[in-house]
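Worksheet: the structure to be examined is printed underneath.
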Amino acid sequence: MGKFVCFGEIMARLNPPGYLRLVQTQQLEITYAGGEANVAVSLANFGKNAVFVTRLPDNDLTKAAMRRLRGFGVDISRIAIGGDRMGIYFVEKGASQRASKVLYDRKYSAIAQAQPSDFDWDGIFEETEWFHFTGITPALSDNAAQICLEACKKAKEKGIVVSCDLNYRNKLWTGSKAGTVMGELMEYVDVAIANEEDCEKVFGIKASGTDVTGGMLSKEGYGEVARTLAERFSIPTVAITLRGSISANDNHWAGMLYQKEKCYFSREYLIHIVDRVGGGDSFGGGLIYALSSGFEPQKAIDFAVAASCLKHTVEFDFNEVTIEETEKLMNGDGSGRVQR
Amino acid sequence: MGKFVCFGEIMARLNPPGYLRLVQTQQLEITYAGGEANVAVSLANFGKNAVFVTRLPDNDLTKAAMRRLRGFGVDISRIAIGGDRMGIYFVEKGASQRASKVLYDRKYSAIAQAQPSDFDWDGIFEETEWFHFTGITPALSDNAAQICLEACKKAKEKGIVVSCDLNYRNKLWTGSKAGTVMGELMEYVDVAIANEEDCEKVFGIKASGTDVTGGMLSKEGYGEVARTLAERFSIPTVAITLRGSISANDNHWAGMLYQKEKCYFSREYLIHIVDRVGGGDSFGGGLIYALSSGFEPQKAIDFAVAASCLKHTVEFDFNEVTIEETEKLMNGDGSGRVQR
Amino acid sequence: MGKFVCFGEIMARLNPPGYLRLVQTQQLEITYAGGEANVAVSLANFGKNAVFVTRLPDNDLTKAAMRRLRGFGVDISRIAIGGDRMGIYFVEKGASQRASKVLYDRKYSAIAQAQPSDFDWDGIFEETEWFHFTGITPALSDNAAQICLEACKKAKEKGIVVSCDLNYRNKLWTGSKAGTVMGELMEYVDVAIANEEDCEKVFGIKASGTDVTGGMLSKEGYGEVARTLAERFSIPTVAITLRGSISANDNHWAGMLYQKEKCYFSREYLIHIVDRVGGGDSFGGGLIYALSSGFEPQKAIDFAVAASCLKHTVEFDFNEVTIEETEKLMNGDGSGRVQR
Amino acid sequence: MGKFVCFGEIMARLNPPGYLRLVQTQQLEITYAGGEANVAVSLANFGKNAVFVTRLPDNDLTKAAMRRLRGFGVDISRIAIGGDRMGIYFVEKGASQRASKVLYDRKYSAIAQAQPSDFDWDGIFEETEWFHFTGITPALSDNAAQICLEACKKAKEKGIVVSCDLNYRNKLWTGSKAGTVMGELMEYVDVAIANEEDCEKVFGIKASGTDVTGGMLSKEGYGEVARTLAERFSIPTVAITLRGSISANDNHWAGMLYQKEKCYFSREYLIHIVDRVGGGDSFGGGLIYALSSGFEPQKAIDFAVAASCLKHTVEFDFNEVTIEETEKLMNGDGSGRVQR
Amino acid sequence: MGKFVCFGEIMARLNPPGYLRLVQTQQLEITYAGGEANVAVSLANFGKNAVFVTRLPDNDLTKAAMRRLRGFGVDISRIAIGGDRMGIYFVEKGASQRASKVLYDRKYSAIAQAQPSDFDWDGIFEETEWFHFTGITPALSDNAAQICLEACKKAKEKGIVVSCDLNYRNKLWTGSKAGTVMGELMEYVDVAIANEEDCEKVFGIKASGTDVTGGMLSKEGYGEVARTLAERFSIPTVAITLRGSISANDNHWAGMLYQKEKCYFSREYLIHIVDRVGGGDSFGGGLIYALSSGFEPQKAIDFAVAASCLKHTVEFDFNEVTIEETEKLMNGDGSGRVQR
Amino acid sequence: MGKFVCFGEIMARLNPPGYLRLVQTQQLEITYAGGEANVAVSLANFGKNAVFVTRLPDNDLTKAAMRRLRGFGVDISRIAIGGDRMGIYFVEKGASQRASKVLYDRKYSAIAQAQPSDFDWDGIFEETEWFHFTGITPALSDNAAQICLEACKKAKEKGIVVSCDLNYRNKLWTGSKAGTVMGELMEYVDVAIANEEDCEKVFGIKASGTDVTGGMLSKEGYGEVARTLAERFSIPTVAITLRGSISANDNHWAGMLYQKEKCYFSREYLIHIVDRVGGGDSFGGGLIYALSSGFEPQKAIDFAVAASCLKHTVEFDFNEVTIEETEKLMNGDGSGRVQR
């Protein structure tokens, strides 16, 4: 089994306990997470040889983050050490009509200030089967975008599968800059992942007849979006997550896989949320696991959606669920009955 | 901009963490709150010059309560110091069919034992635009009722707008005593606020066709109630909150404003509750902000209901939300999607 | 009033706070509970002279468990001291599609290793009115099953009412072994309690037309099950709890009492769950209280179901509710409105 | 074995966690304690039939306090129910040069407002061997003092041993009033307990050559004090605790027993304090246990001082130590080596 | 009474609970503090009109920090809003031989990136009596140093007293750069404060015969240091704190004031530490209060040292003590006896 | 660099927060630790290739324990999976005269019930440089002792250095049985580690003139003990830890290394303890690191004692300190001054 290399940022995630707002709290919970790190942990939890690549400063936060990743079995030996600071983000958990709120303090982070010379992609990619990144990484800085591009090119050369989750963040860059940068990167991508807003904000591809704030999902619209994306960039596999937000506590959640001009839809779950940050990443982790394990398309999307459904019931970003739990849900038992 | 003077009691609020019952817990969370203090904090959060007037003993609980209020920008310079104790209340958060439970230990509090001479209303009301109190204050003691009456008369003399939230508490007095005392005070009131039970319990004015425990609200009935109240006491503006209690976790919430023989109804929200104590006060705070800022009646009731809807998602009594968050909800986005 | 003797195991219950998974947590909450201890506490809370009989080692966990029981007024003077260890169980609270998970570490516990000579049933049963045990106790070990049988025989001799909650645990024994052992014990039982799975797993008695994971309940089917059980073992009173699991957070909950060929159904509650462990035991406690207090069958089942509905809103196994709260719910106010 | 009746107040004790000051904290720890309740718990922990008598209002705090006491095996059946409120006290744990600080909110408590008719001393004193109260109880109100006097007279009539801990609290009354009231009560006392300040503040009996704030203790001076007290009120047994306060963290602690004109001094311990509230009460509990168990004077004072030394290492007021632990320390092992 | 303007940085302070190391913890306590903000809070607690001036970004951390400061009565109206981030520092509390450890994440903070034009010193200094800053502020950036210099010049012009705590931080700049920058600023300083290392590291002025790690203090040496500093920069008043570090838990603490060629030494305290971060700042706050209130030199140094001694017993940076507590200690009661 | 294989038990360690006693607490902190696991973590923290070998059941506690170990970089691939349960121990932190107390619930653990066939020592010992076990492992069961013996023999065959910490636990076996079993194992040991009680309890070798409970250490006595042990079993290197217990909070701590008839004594530290469980293991970890890195005897014992001194300031069993921190202390800075 080859390695699964995930490249991006890991940050300290600080959140008040429960539903407290940041301005109220005297306590914070600290974990370490980030879009690509979350995928790496999902893959490790599903038994894959995950490698996480980033740049981190030489301090105790880094030591803690690396210990957490290594605890899951993620290979941290390729992390570059240097720079001034680890990025931080603060999460306020929303409830009912009050939205969750993320405050980023990630500017000037070690990875945003990295140089291409910090990463030896030839070495990193030895015995590698899969390369994953998200649209957050190139959004961090021009250097980071440049490094992504180099990694994509190198991966392509070596025949490594490349996956990318568009993951548009409007606090990091504009849709128009994202469109330019991501457009170039998409040329190298074999598996594209997007949510209901990404395609529109980044590439102007819109799901017709969908109102995400109203909690309604249009299957046809998403099919169009996936086809357009696949065709524009010649991407063989496109996966789209479908979130219908009833409130900050209750969401509909489903996914679609587009391959060879066919759409495969998962079941739609109604989720009472524990923590939705990292939900999309757990979809990516489940999907990469499923596709790389040779699952049929329908089973692959079912696994990815079940895995990410369960993530919404787990505190913090990392998806602390097993293959068995995921398959049990995917095969139909979502009743939440006590196991004893 | 003139001052907004709120007069009443502030207590130490002690609640077990989460859903623990009082008899189970070894820990309590301590905040400081009270009907009129909650309104003062809402007004300060919305940018008004709020002043909170009460009487408190000279001890460390008072120091803590004053620090909290001052932190929000509430003017505490008019608080009278004296008396034996600060009132305390214990809150057990309910869930599903188990109701939240409040245990009052507020008898003998400094404000209940206050004398009229403790308050110099001429000084307090300098440069004042609005005076607010609730039906809790006169319920504390005959002295407190007498002080309220003096304040109302003085406010009237000076042309200050007077608002009163009926806020009937059957643990503090009987409906019949409340009717007599509040009836006299109502003569001075320009803006009356009430919930679905107050008007009936205090003045015997009942919304026909409404079953509050069943979660159903009758718009017509509330219109009648408001009109009757407005006419009986010649009150220009009457606002009524409409709560439909599905369970301790889930409530319907709406409001109505009655002005010049017209009823303005807000949207009705279905709320998954974080903490509903202080919900009514946040309505009062939102309404006073809106009316004093010159909002049209429909916008005023929409703002007050949106503000108080959000309060239900915030821990503790104070409404920790901004004008921007309130307007976003009032303008239609209640989907609770993550902001990042 | 005679004594109510409950015989079984009490364990240390360790659970992570909130919705954390066991593998994530650095903290655990510790309480002490078990099927029959939970019933004893319910009975004590409802004013009965409850006695809890078990075997525990001589250490500080035992001291803590006994202090907790005695605090509720449960008589602990008949607990046998000896053995190597107290059983422990870890509970992970589920959410939405993720089920709650119980990890038992109860093998080799003092009660599982008890000898018949550890218990003097003649002494224990002095002035006793009721004897209660559950299907968990005989599942612990052959010795424990033997002790149960002796107790049942002795109770029968003395004209003590015997109740048994089938409480099948497939982590402790097989359905087939359970069928044999429980079948023999059932001969002595006056009041049998079972949930939707027990009858099928232990005695192969199945409610036709019921899909427990789908949240749907069939009244007719449960009537058949109760009748079959009552007739097979000549049990005068059979009570069945009906749980429909929508998700780990939301359950339907109801109950049925079968007496003299008649079925009495309770109202069905939709519960937003705080902690469902101990839910069945609180039904047993409520039912024993009701039957022994001479309630009519309909009122008895209504009380038992209301009591256990409320238990689902209380943290930990013990049912911390009063007769008044239970009767208020049973008489119709499940709106969860604040009491103040 | 007869009963040991302790009469006084039990309050909710609220303290911030760790060394936080009251004005800083958002959390409080809640336990239930009071001078005489602390003695009752010590006696129950040492195997005596302790009975705690007080008056408490009918609410959930009372329910919690009673559950805690009953958990220790203290008989609560003689507690009178009635009145407005339970007393509360807030404790700020001191450190180094910053003293611990107690904020009382006990005025108007149920016991302070009790009537003599609330207590049936004939019934309470059935099969009673010992009666204990402290100088706090008569300080609560004139009624409480009157009830103490009645109890003392009744105890004397019945030949019950009466012990009293002077326990002077200058936040409750003046030394001069204390002198008058306590002087009358002392006539009935068989065992008097006092600390280094009580005798001086209440009766003007001063230990010459002692500077309590300097941490120095004068053995001779204490001998004089005890003799004077014993002779003035014809008290057969006088015990004095000797505290030398180096800082809020570190205290010297010793005791002296005076009987038949002889002084018995304990060892002096240097204690690194965990929680010193209740330290004096644990001395009283140890002493009553020792004297009533027929210990020789030297052994009695050694036991009482060892028990109370250990109390200083235990959080909250109650002395959670065993006879074995106390005897181990009293017999010389204070090295604190791990037991494993 | 004029205003006391403090200029510098306020940061989010994040520390693990208790003695946990950063790499171990899943929780952090969050407060907001900084050298000059700490002085402002001390001054406000002692009744002075403190104003805190800094630059902060427009986000919820700023809102929280401002709320905390305003709660103490500190004027926050002169804080400039702008920039990318608030500085953060992580504190690991040391114990015994393990030192406390501070991890700064303050680079790129709003105040470090401030421009001179962000501050209108003419406006800020209206009705101002005192200006305070520390050596940390000019260490943040060249811009910050430039702003300090402008403020000093403007203060001088207006006859405002200027105080500066050298506060050398070797994680922020080198001793040599500090020497140059601070040397220029010292020309404007009326009251210089320094600890045992600052003078040596910044200006090469060394206390002969002192070994700070050994816990020994040389009075003579400190006198020389103060005189040299006073003479080199023509500073009328120099204060030096003397810390002898026995271990991370136990420190000797004293201070010296040098005025008109005379040295005034305080008592030396042996402190068992709760939290020593902010200890030096609380000395500064106490000294400025004392000098500006017209205390004689001996009383001024006694007050400043007593205030800062007490700070070491208080959690977090701010000195939560009163004038009364400080004077009680300064007048000799450091025994830490309970107040009740 | 070869591997460092540590063989023994890892347990769930459950302790109440702070100084709470087990009987009081409603919360526990959970970590995973054990004598040999603690050594493995120390070695990994010092950069060695540590491997931990044990047997654990297939459940979530095992998953958590393995994640923690792997996080430190400890190789867990050789852990055998099987058995009924993981051992548990409860730790009550002592204070002053109250000793820390350990309650073991480790009987019937997977490792105690292991079979020799569970471990393939040939495979485990590939590329191994060092083998470490302690006297706890053979104390668990006869099987465990047998497995230790096999491992020792195999290690000897392969020329692997064998170290053993006597670690006598009188709750697990008698001194006499320990003497027999350990005596046989000692034949294979190259580095023996013992504390002040082990040699006496296990082999009857006593340090003359030492009173461990009195806090006094005799250097000469310890020299004799080491020499006797070395000679009796032909052990080239013997290390002895010297603990003088002043109280549960304050200990003297030192160590001695005996090699080639010479005694090397470390400095003696006076430690104010945070958590002393694991203190001895951290000495072992430091010593093995030092000896295997080729340190001279004096430097080796200095390093081991400094490392373990620091461990006493760290919560939980694992020694969370770096080589740099250890060397800083060993080279003389134990002043605990803040690093910033």
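Chains here go by letter, A, B, C, D, E and F, matching the order in which they are written, and residues are numbered from 1 within each.
We take it that contacts are C-beta pairs under 8 Å (C-beta built on N, C-alpha and C of every residue); 3 or more make two chains touch, one makes a residue touch a chain.
Only a predicted model underlies this, so the values are computations on that prediction, with no experimental measurement involved.
*Asks:* Of the pairs C-F, C-D or D-E, which one shares over half of its contact pairs with B-E?
*Replies:* Repeated interface of B-E: C-D.
*Asks:* Could you work out how far the Cα centre of chain A sits from that of chain F, in whole Å?
*Replies:* 42
*Asks:* Distance from the CA centroid of chain C to that of chain E, rounded to the nearest Å?
*Replies:* One centre to the other, that is 62 Å.
*Asks:* On chain E, where are the residues touching two or more other chains?
*Replies:* Within chain E, the residues that touch at least two other chains are 18, 21, 23-24, 26, 67, 101.
*Asks:* For this structure, give each pair of chains that are touching.
*Replies:* Here the touching pairs of chains are A-B, A-C, A-E, A-F, B-C, B-D, B-E, C-D, C-F, D-E, D-F, E-F.
*Asks:* For the complex, give me every residue of chain D touching chain E.
*Replies:* 18-21, 23-24, 94-102, 104, 169, 171, 212-215, 245-250, 276-277
*Asks:* Could you please specify the touching residues of chain D with respect to chain B in the complex?
*Replies:* Touching chain B: residues 14, 21-23, 25-31, 59-61, 63-64, 67, 84-86, 88, 90, 92, 101, 103, 105, 107-108 of chain D.
*Asks:* Which residues, counting only chain F, touch chain A once they are in their complex?
*Replies:* Against chain A, chain F makes touches at 67-68, 70-73.
*Asks:* Along chain A, where are the residues that touch chain C in the complex?
*Replies:* 18, 269, 271-274, 309-310, 312-316, 320-321, 325, 329, 332-340
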